[in-house]
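Once you scroll down, you'll see the structures, which are given as structure tokens.
The two complexes that follow have chain A in common; it is paired with chain B in the first and with chain C in the second.
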Partner chain A sequence: MLRLVYQGQTSVPVEVEGFVPQTIRAMSLAEIERFEVFHGNKKRPLADFFAVSGSAADERIEFEGQLAGVHWIGAGMSSGSIHVSGDAGRHLGSEMSGGEIHVAGTAGDWVGGEMKGGLIHVRGRAGHLIGSAYRGSRHGMTGGTILIGGEVGNEIGHTMRRGLLVVGGGCGDFVGLNMIAGTILVFGECGIRPAPGMRRGTIGLFGSPAPKLLPTFRAGSCDKPLVLQLLFRELRRLDFHFDDALVNANYRMYHGDMVTLGRGELLVPEGVVSG
Partner chain B sequence: MTSSLFKIAGGTVYDPTNGVDGQVRDLWIADGRIVAAPTDPTVRPERTLDASGMVVMPGGIDMHCHIAGPKVNVARKMRPEEKRVAEKVMRTATTHSGTMGSVPSTFATGYKYAGMGYTTAFDAAIPPLAARHVHEEFDDTPCIDKGFYVLVGNNHYIMRAIQEQEPERLKAFLGWLLSAAKGYAPKIVNPGGVEVWKQHQGGNVHSLDSVVEHFDVTPRQIIRGIALAAEELKLPHRMHIHANNLGLPGNWTTTLETMKALEGHGGHLTHIQFHSYGGGDGDEDTFNSKARELAEYVNSHPNITIDVGQVMFGKTTSMTGDGPLGYYLSNVYKSKWFSSDTEMEAGCGIAPIEYKNKSLIHSLQWAIGLEWYLMVEDPWRVVMSTDHPNGGSFMAYPQIVRLLMDRTWRNDVLKTVNPLVLERSSLGDLDREYTLNEICIITRAGPAKILGLKHKGHLGVGADADITIYTPHDNKEVMFELPRYVIKAGQMIVELGEIRDPVRGKTLHVSPDYDHGVEADIADWFEKYYSIRFRNYPVTEDYMHEHETIACEE
Partner chain C sequence: MSIATKKNTAPDPSLKIVQDATCTFCGCVCDDIDLSVKDDHIVEAKRACVLGKSWFFNHHTDTRPNCLISGQPATIADGVERAAQILAGAKYPIIYGLSDTTCEAQRVAVGIGDWIGGNVDTTTSVCHGPSGMAFQGVGEVTCSLGEIANRGDLIIFWGSNPAESHPRHFTKYSLMPKGMFLPNGRKDRTCVLVDVRKTKSAKAADIFLQIKPRKDFEALWVLRALAQGLELDAASIEDETGVPLSAWQDLMDRMKRAKFGVILFGMGLTMTRGKHLNSEAVLALVRDMNAYTRFVAKPMRGHGNVTGADNVVSWQTGYPFGVNLSRGYPRFNPGEYTTADTLARGEADAAMIIASDPMANFSQAARTRLAAIPYIALDPKETPTTRAATVAFTTATYGINTPGTVYRMDDVPIPLRPAFDSPHPSDFEVLSQLERRVKQLKAAVRIG
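Presenting the complex of A and B:
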């Protein structure tokens, strides 16, 4: 296990892009200390910001401290695991294709941006554009699982193509904007205009008060979808906590967004929806 | 003095302005300029660069490109899908990050021009109302000297002065406008046509004698009026003309009439390739090249110079002050479209486009561009351009160099395009191959001369020490895409494509003498019609970043 204790005292962003288990596993401690990270627009050795100990040979990295100003943690990782004991900055696990990232605190915007595979689990809240497409991209996340325990911001799952994105708290506006496929579950209150331009995929909006849906979604059947039972079982396996009452609830399915392909599914617990 | 001397020793020098054609010479530099070799043999330079075996040329000059201002910014923003997959320009200890694609970001534009051996570039279409914005973007475009042409061909004040037959007022206004914008030359884009487009849905002028409503003037009168004023103001670059009917089959007659309308006055017809089409009524079956007919006229009329506007195959973004053209292209490509109306001054159209080598139209455009390079007999009157990004990126210049210098490769590429090109153009019959000296003329010495930049485009004493040093290579594209060294104002700024010292570069502009009595009338006009106050319009010298005033003289 490689242990990095954050000692940076700077308001200038520190960017650790490329510092991922598959890249550093064969490096010596001295080489890791010399690994170049960006401090603003200056390249600096990793050791200027972190006390480094242990070994990266087992592909397990543990960050300690409050790293809200440290960005691109785990971006591009394909294997191994990263554990952050405090907060993490923006672009956590961006474009990762495998491995696991666990954050005990909060995370910034763009968690799992264009993620392809693997698992990100943030126990606290996170920012905007979780699992989303970067500006100009045709796809957001195309695989993997993102679990956020707390609240999140706007435009999560923007142009998402595949994968699972779960939010324990509430979410901001435009959840699932232009969603192509995949699954989003939000257990808390949802912001305005959910799923605009949704083509396919599944979004569960379980919070209260009920979401006000766009007029381009049509009400469909009401039942206990098997897919939700399977998803709830998977969330329990991943140590993600939610209200047990949801397991036995009935769900109204809404089809949309009819301004596009209209084959998406919005699932809302029956008796909660008002829109 | 001796301590600042920099010597480039033993290079094979190409300096056509001074009659040097591939001779081994030393160059001496001090204080950013070329100086005479010291007569005292004991004087030693502070630094010597061994250029033996290498090709030494003045820094490249792009006299027609679109790299700054609102239109460029809109094009950057309207194509995030292109930016996302384009090459990333990563920041370094000395350079900023940036984006590429067909419309690079400001810093990236400067780095890429310099990395390719170009040290000066002129934006070809700026509404003077946007001048302040352009000067700010220029300050963020490092490594190169810059300037811009001011759109005047559809300016209400100018058309009114022509209508009222007041050439002196026109001249004074043009002098004031160039000074106020800190621009370099007057630019005419589809004279009169943009105004008609702004007045009527789908409107345009269709010949040099079409009448522009309300102003009751014709494109011919606009061209003549501005040509005469530019000549009397002694502007270093008289007039930059984007003729009417760009891109339309059969437009070559309009182009020929435009050349004739100059009546011997100096004029530069830009992106001439787009104006050299035979055929008619938008029918592909009739579309053909008229480069030969037009080139014959250019060859016999020394008052005319041209740049080509070479089309290169691939995706790019069209941006033009020719509003109706932007609309036309967006309809052809069914693509995004941006259109703007700049108050009393100009219009603008932007649309993503793609040139395909299997398309007859696009293949002919490519061939017609090459015909122009090969048919204009005097290389001093033809300049390399892609009308970046309209015909392709400025990054394609090394590829064009190879097409011109290597007939075998040119013919190989010709075999890959639409085969009807062989029937509709003369490209297959042209055997000419450019020499290095001629390439040096059409990319440096020629544009400097046409722009009236006496201290650029050559390596004589007193010239700016803007120098590009290449490693010779049989493949001229390889040679020209990655210079060994690029020196700007005596400072080494690039080594093998890596930016070493990103100097800021300066803005080149003119400040012609004019009758200041006109300003009261302009002020009245401003207060009536403009969205900003007259006193806030001119860009003053204290607002400028690094800049140089180029003299207006014969």
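Presenting the complex of A and C:
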């Protein structure tokens, strides 16, 4: 296990893009200390900001300290695991294709931006655009699983194409904007205008009050979808906690967004009052 | 004609006439203004609107020194040296503003941003930045204002009040002109205004739709649905948007019948909840409408050369605003690299503000950070931003004192014809000197 204790005293962003298990596993401790990271526009050795100990041979990295100003942690990661004991900055696990990232605290915006595979689990809240496409890109996350324990901001799952995105708290506006496919589950209150431009995919909005839907969604059947039972079982396996009452609830399905392909599904527990 | 009248109309030899001068007050950038200048003062501005007259008549040359360092008069050379040291030594500098200066100065400013590895952002990020983001997401079906004047038979203003913000837009481009395919001018056009309040522009419109505040996105989604022939619930649509479904259906019918439809949208749309996604909804609607007829969209840009700033920054970096150059290549991410955000989060450690006044209009957190870091300001006038600057340059006013190029709101470049000289240097001159010195400092670091 490689242990990095953050000692940075700076408000200027520190960017550790490329510092991932598959890249450093064969490096000696001295080489790791010399690994170049960006401090604003300056390249600096990793040891300027972190006290480094242990070995990276087992592809396990542990970050300690408050890393809210450290960005791109685990970006491009394909294997191994990263554990952050405190907060993490922006672009956590951006474009990762495998491995696991666990954050005990909170995370910034763009968690799992354009992620392709693997697992990100943030115990606290996170920012905007989780699992989303970067501006101008054609696709958001195309695989993998993102679990956020707390609340998140706007535009999560923007143009998402595949994968699972789960939020334990509430979410902001425009969840699942232009969603192509994949699954989003939100257990808290949802902001306005869910799923505009959604083409396919499934969004479960389980919080109360239920969001007001756009007029281009059509009410469908009411039942206990098997897919939710399977998803709830998977969430329990991943140690993600939620209200057990949801397992046996009935869900109203809405189809949309009819201004686009209209094959998306919105699932809202029956009996939840519209906001 | 009487002798007395003849005397009054005789040309005044002390008057200097500047024909076809360009007004840079708003995004219309009218280039047909005839200025009369007497003793370095503009006394007449033919064809200028009320805003243009105010711009020209209230121009006074500032008597402040050319340069102030920490509030004390200094030479321009000393100011350039201090500014270059600040910018070259910074780790996360920002360059912001740029909308009220020439494209030539903008080009140099972006070059400095590249040399220092900074964040380059313009006032677009706090006005039509959402539209710039929407262009990236949806694309833009667009045209020049000349095409609107010659072809536009259905003109929809959405969240915009040109009667007060762009007074000559109606007469020069959108409503009154007799165009190539609209020989009867206004009679051949239908004008629709969609807004949350009845502005002065409503008088000029044939149809006014007053929607509920912050319901622009929902209203646009209703139109998208109607464009595709979807059935909608009349009661819920009126409850949600504040406008009956029949009125939306009537508008959609007109849009489909139009030969050349235009949506001109303003900050009433782009700066309400939803922001760039409101703009995306407009652009998506226009894209949808092209299945039926020719339809275009244009943002109603405010500052004189904000469109030029978008063009120059795009030309040099590939993106219109909110660009980070710290890695040596451009990264675009509004919300991360935009100035209001880098300041409010306390990340920026130095700044250069060009022809803008963030100290007067940014959030408290952003202003607090700006006040705490060394920064350079270039502005023709004294502002809260220049007062708190480490280095403040008093510069000549573009269009009135300096020549150059600006872009009209439809991305058409227009030359400037200055009225008279200024004792102050232009933004271009100061920035060019600064770029030279920054290059020297950066080269010295590399060699050292």
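Just so we're on the same page, the second predicted complex is superposed on the first by the 273 of 275 C-alpha atoms of A that agree within 3 Å, B and C clash if a C-alpha of one lies under 4 Å from a C-alpha of the other, contacts with A are read in each partner's own complex, and residues count from 1 in each chain.
Rule of thumb we're sticking to: a contact is a pair of C-beta atoms (placed from the backbone, for glycine too) under 8 Å apart; a residue touches a chain by one contact, two chains touch by 3 or more.
Remember, predicted model here, so these are calculated numbers, not experimental data.
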Simultaneous placement of chain C and chain B on chain A, clash or fit: clash
Which of chain B and chain C A:135 touches, first, second, both or neither: both
First, second, both or neither for A:42, with chain B first and chain C second: both
Superposed model, chain A: greater residue contact from chain B or chain C: C
First, second, both or neither for A:208, with chain B first and chain C second: neither
Which of chain B and chain C A:174 touches, first, second, both or neither: second
Which of chain B and chain C A:53 touches, first, second, both or neither: neither
Region of chain B that runs into chain C when the structures are aligned on their shared chain, from 21-29, 129-137 or 471-479: 129-137
On chain A, positions contacted by chain B and by chain C: 38, 41-42, 134-136
Touching residues (chain side chain A, partner chain C) in the complex: 11-13, 38-42, 69, 90, 109-110, 128, 134-136, 155, 173-174, 177-178, 192-193, 196-197, 212, 214-216, 258-259
Complex contacts: residues of chain A adjacent to chain B: 38, 41-43, 134-138
Chain B - residues contacting chain A, complex: 79-85, 91, 93, 96
Residues of chain C defined as touching chain A within the complex: 90-93, 116-118, 133, 136-137, 217-218, 221-222, 224-225, 228, 230, 232-233, 236-237, 240, 273-274, 277, 281, 284, 288, 325-327, 332-336, 345-347, 349
